[in-house]
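One chain, chain A, appears in both complexes that follow, with chain B as partner in the first and chain C in the second.
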Partner chain A sequence: MAQTLFEKIWNSHVVDEQSGRWLLYIDRHLVHEVTSPQAFDGLRSNKRKVRRTDLTFATVDHNVPTSDRSLPIVDQTSAMQIMALEKNCKEFGIQLFDIHSPNQGIVHVIGPELGITLPGTTIVCGDSHTSTHGAFGSLAFGIGTSDVEHVLATQCIWMEKPKTFEIKIEGKRRNPHAVTAKDIILSIIKQIGTGGGVGTVIEYRGDTISELSMEQRMTICNMSIEAGARAGLIAPDEKTFQYLKGRKYVPKNYDEYVEYWCENLKTDSGAKFDKSFTIQTDEIVPQVSWGTNPAMTVDVTGRVPSPEEYARGNPDEEKAAAKALQYMELKPGISITDISIDRVFIGSCTNSRLEDLIEASKVVKGKKVSSKVRAMVVPGSQLVKKQAEELGLDKIFKDSGFEWRESGCSMCLGMNPDILASGERCASTSNRNFEGRQGFGGRTHLVSPVMAAAAAINGHFVDVQDLDLN
Partner chain B sequence: MKPFGIVRSIVTPLDRVNIDTDQIVPKQFLKLIQKSGFGQYLFFDWRYETDGKPKKDFVLNDLQYKNSKILLVRDNFGCGSSREHAVWALQDYGFQVIVSTSFADIFYSNCFKNGVLPIRVNEQTLQKLFSTKSEIEVDLERQIIWVNAITIPFDIEAHWKKVLLEGLDDIAVTLKHEDKILKYEKAQENSKFRIS
Partner chain C sequence: MKGSVIKYEQDNIDTDVILPGPYLKIHDYDELAKHAMEGLDKDFHKKVKPGDFIVAGRNFGCGSSREHAPIALSSSGIKAVLALSFARIFYRNAVDGAFLLPIEIDENVYKDISDGDSLEIDTAKNEIKNLTKNKTYKIKPFPDLIGKIIAAGGLFNYKP
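Take a look at the complex of A and B:
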């Protein structure tokens, strides 16, 4: 029978089934400092070991400072959590890319760049944006700390089988430099809602997907969780295999694997999905979020909607939109391009890879950041930082007035010192515009790297379709 | 985990949709390395003024709900970050049951692992619960909510029901299937395209 890619990967990892629940084998377990200490404590108190230290990789990303790494960490609670991970990795025999490692970085950036992420594998991490790895045709789930402990101890997780959701992304973008993967995924979430994917694994398909680079595909899969999905998937192709070739942890006889993956890792023609949605990219323009969840997003050419316009008859959503406008201190009807900003953040597991930085640098090159704006670039990993510096991007950003920082999650969630002050408004390339996400009282507008860069220069949002981005 | 019994309490109505886990526990409290004591941080930014005084208009600060064990919320509760700290906070605060029309997937399974029962009901039932002032009773064994002498049945996955009622340790249960895990690993070892 014709099968979807999801079903193929799922079926090849089933260890057991008990009354509608499946025990799945996990090929890669990524661990970071915030959601793991309680899991290691659990192992210790039950005298359990880590079952597969060879499949477990750890790094510090969520609360590491992005300032000078030769200095001690000022925040004592952060330092304690980082030390706890070091101690736990040592005690249980787990490979750790620590704060001084050349391979340190956001867990979802380093997985692919080290070739830990491979097509056809199952990957888990105690972080919802684990969906990022789906860009490689890997079934990747975010899990809670109890499941982190469970995977450490058993290398398996129990799951109910998710439904399948096909999202076809088709058409030709008017200007691929201005309309990015971020704008595509925000457009999708705007239409299907933050609960649109609950209980499903999304497979992104269609001619636009084939056209996107691996880094752009990661941006799309990354935000699957913002649509509520369990995971996002893209079938691997030549671009996937080229990207991974020669990376540190890929198998030795790589070319043979590629042949095998080519044959086995795609949705069969005629396979049925439980749900389907199509988006045409021809009409998509750059997106800007105005509210406090990622579905509260409009075209850069548009205006802030009224709660009634946004809610389309749903009273709960109408109330939520009114609260969001109040929190964001925005009035319905104002043009998006009239919204002034105080801060710019280019970074996060959504948009901190080399290509993101290259695209953003084209906007800022030879220009100055608005005097009203404080702007920062936080590369996703030490490797991204190094590659960007080799291209001279650090100089371009610094010359225009951006701060150029060390790698980590940084202001995406503000667990380290990189936070918004109350009332500050930020153009951010991250994934969540929740209340207080980037700092108590802070106001986040989600945008692409080029949109963020252009906002930094102008002090307000501008339509990057009007700029020369080639 | 303690076996889950009958829960009787008034309900705390928190009338908002899409409540994300950043609101349930803000990030500044994720740096703790233990599981206990998170109740004081529950809905922190909604619950307290910047000077630490309780916000008068927030439902958790209304004394009539002080000993409530049942939280009532709107659609898509627990979306966003996978942080289990959200459930640790709800549980530590005293909530044993959360009722909504839907929950985010990761949050939903995190609940069961910490002795919290998330119940999905339809819109009509949720509305009825939002308008009740009296105590309600949740009987997991019989899968029934009692409201003003009316019974409302609810669905729950058989496995999760068992986990809660018996207070099972998930890992111990899985390790009973270790022969199957070993068998899977053996097959991988012999596979030409080994990935684990």
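Take a look at the complex of A and C:
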């Protein structure tokens, strides 16, 4: 019978199946400092070991300061959480890329760049943005700490079988430098809603997907969780195999794997999905979120909607929009390009890879950050930072007035020193504009790296379609 | 289970408001409890009583995979969240760690229950009694495996 890519990966990992209960084998387990301490405590108190230390990789990213790494960490609770992971990895024999490692970085950036992420594998991590790894045709789920402990102990996870959701991304973007993968995924979430993918694994398909680079595909899969999906998937192709080739942890007989992946990791023609949605990319323009969830997003050429316009007759949505406008201190009807900003954050597991930084640097080269704005670039990993510096991007950003920082989650989630002050408004390349996400009272507008860079220069949002980005 | 309702009539209550990021460094459950729902309702920790229930709209617990979210609610005394739907990671965390019961309710039950109502939840009978309004609502039973994990007291106590 014709099968989807999801079904093929799922079926090849089922260890046991009993009345609606599936036990899945996990090929790779990524660990970070925030969601793991209690899991290790649990192992210790039950005298359990980590079953497959060779398939488990850890790094520190959420807590780490992005300032000078030669200085001690000021926040003692952060320092303790980081030290706890170091101690746990040593005790249980797990490979850790610590704060001083040349391979340290955001867990979803380093997995692919080290070749830990492979097509056809199952990956879990105690982090909702694990969906990122789906860009490689890997079935990747975010899990909580109890499940982290379960996977550490057993290398398996119980699951209910998700439904399948096909999202076709078709057409030619008007200007691929201005309309980015971030704008595509924000447009999708705007249309299907934050609950549009609940209980499903999304497979992104269509001619636009084939055209996107691996880094752009990661941006798309990364935000699958913002539509409520369990995971996002993209079938691997020549670009995937080229990207991974020669990376540190890929298998030695790589070409044999590629052969297997080519034959086995595609949705068969005629396979049925439970749900389907199509988006035409030729209609998409750069996106800016105005509210407090990622579906509250509008075209840069548009205006902040009124609660009635946004809700289209749904009273709950209308209330939510009114509350969001109040939090964001925005009035309906104002042009997006009239919104002034205080801060710019280019970074996060959504948009902190080399290509993101290259594209953003084109906007700022030879220009100065607005005097009203504090702007920072936070490369996703030490490797991204090094590669960017080899290209001279650090100089471009610093010359224009950006801060050039060390790798980590930084201002995406407000648990390290990089936070917004209450009332500050930020153009951010991260993934969540929830209330208080970037700091209590902080106001987040989700945008692409080029949009964030242009906002830094101008002090307000601008339509990057009007810029020369080639 | 008997308790009173704290109702938030809104969808998409995310884990960043249930337990804001800065508190993810806290390991002490009682300390986490002090910050439960802080992003949405600063007075939550003052009004919550042991045994209370939260009633909310769609996609409760969306966002991050932080287990701190159900832990903070549970440590503050919340025994169950009754919502129109749940984000899946939150649901798993609540069940696997045996922190609280995630109960899906339908639209008319959601509308009927008011803030402050006194409820009695009986998962064996799959019903909720609204003692304030003197009504009984039927709820869907938990799926087989989830029911078993709940009955066992979490994933690590469950023996297949």
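Basically, the second predicted complex is superposed on the first by the 470 of 470 C-alpha atoms of A that agree within 3 Å, B and C clash if a C-alpha of one lies under 4 Å from a C-alpha of the other, contacts with A are read in each partner's own complex, and residues count from 1 in each chain.
One rule holds in what follows: a residue touches a chain if its C-beta (ideal position, glycine included) is under 8 Å from a C-beta of that chain, and two chains touch if they have at least 3 such contacts.
Keep in mind it's a predicted model, so treat the numbers as computed, not measured.
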Check chain A with both chain B and chain C modelled on it and let me know: fit or clash. clash
Taking the superposition as given, does A:55 touch the first partner, chain B, the second, chain C, both, or neither? first
Check the residue A:27 against both partner chains and state whether it touches chain B (first), chain C (second), both, or neither. first
Touch check for A:154: first (chain B), second (chain C), both, or neither? first
Partner, of chain C and chain B, that touches more residues belonging to chain A: B
Taking the superposition as given, does A:260 touch the first partner, chain B, the second, chain C, both, or neither? first
Given the touch rule stated above, what does A:118 touch, chain B (first), chain C (second), both, or neither? first
Per the contact definition in the header, classify A:199: touching chain B only (first), chain C only (second), both, or neither. both
Which parts of chain A are in contact with chain B and also with chain C? 18-21, 34-35, 37-38, 46, 62-63, 75, 77-78, 80-81, 126-128, 142-147, 149-150, 158, 160, 194-195, 198-199, 225, 228, 230, 293, 316-317, 319-320, 323, 413-415, 432, 434-437, 440
Going by the contact rule at the top, pick out the chain C residues touching chain A in the complex. 9-12, 14, 16-17, 20-22, 24-27, 39-40, 57-59, 62-67, 85, 87-89, 92-93, 96-97, 143-145, 154-156, 160
Within their complex, chain A touches chain B through residues 15-16, 18-21, 23, 25-27, 34-35, 37-38, 41, 46, 48, 52, 55, 62-63, 75, 77-78, 80-81, 84, 118, 120-121, 126-128, 142-147, 149-150, 153-156, 158, 160, 162, 194-195, 198-199, 225, 228, 230, 251, 256-257, 260, 293, 316-317, 319-320, 323, 413-415, 422, 432, 434-437, 440
Parts of chain B lying in touch with chain A, wherever the complex brings them together: 15-18, 20, 22-23, 26-28, 30-35, 45, 50, 74-76, 79-85, 87, 102, 104-106, 109-110, 113-114, 157-159, 169-171, 174-175, 177-178, 180-181, 183-185, 188, 192-196
Taking the touch rule as given, give the residues of chain A at its contact with chain C in the complex, in rising order. 18-21, 34-35, 37-38, 42, 46, 62-63, 75, 77-78, 80-81, 126-128, 130, 142-147, 149-150, 158, 160, 194-195, 198-199, 225, 228, 230, 293, 316-317, 319-320, 323, 413-415, 419, 432, 434-437, 440
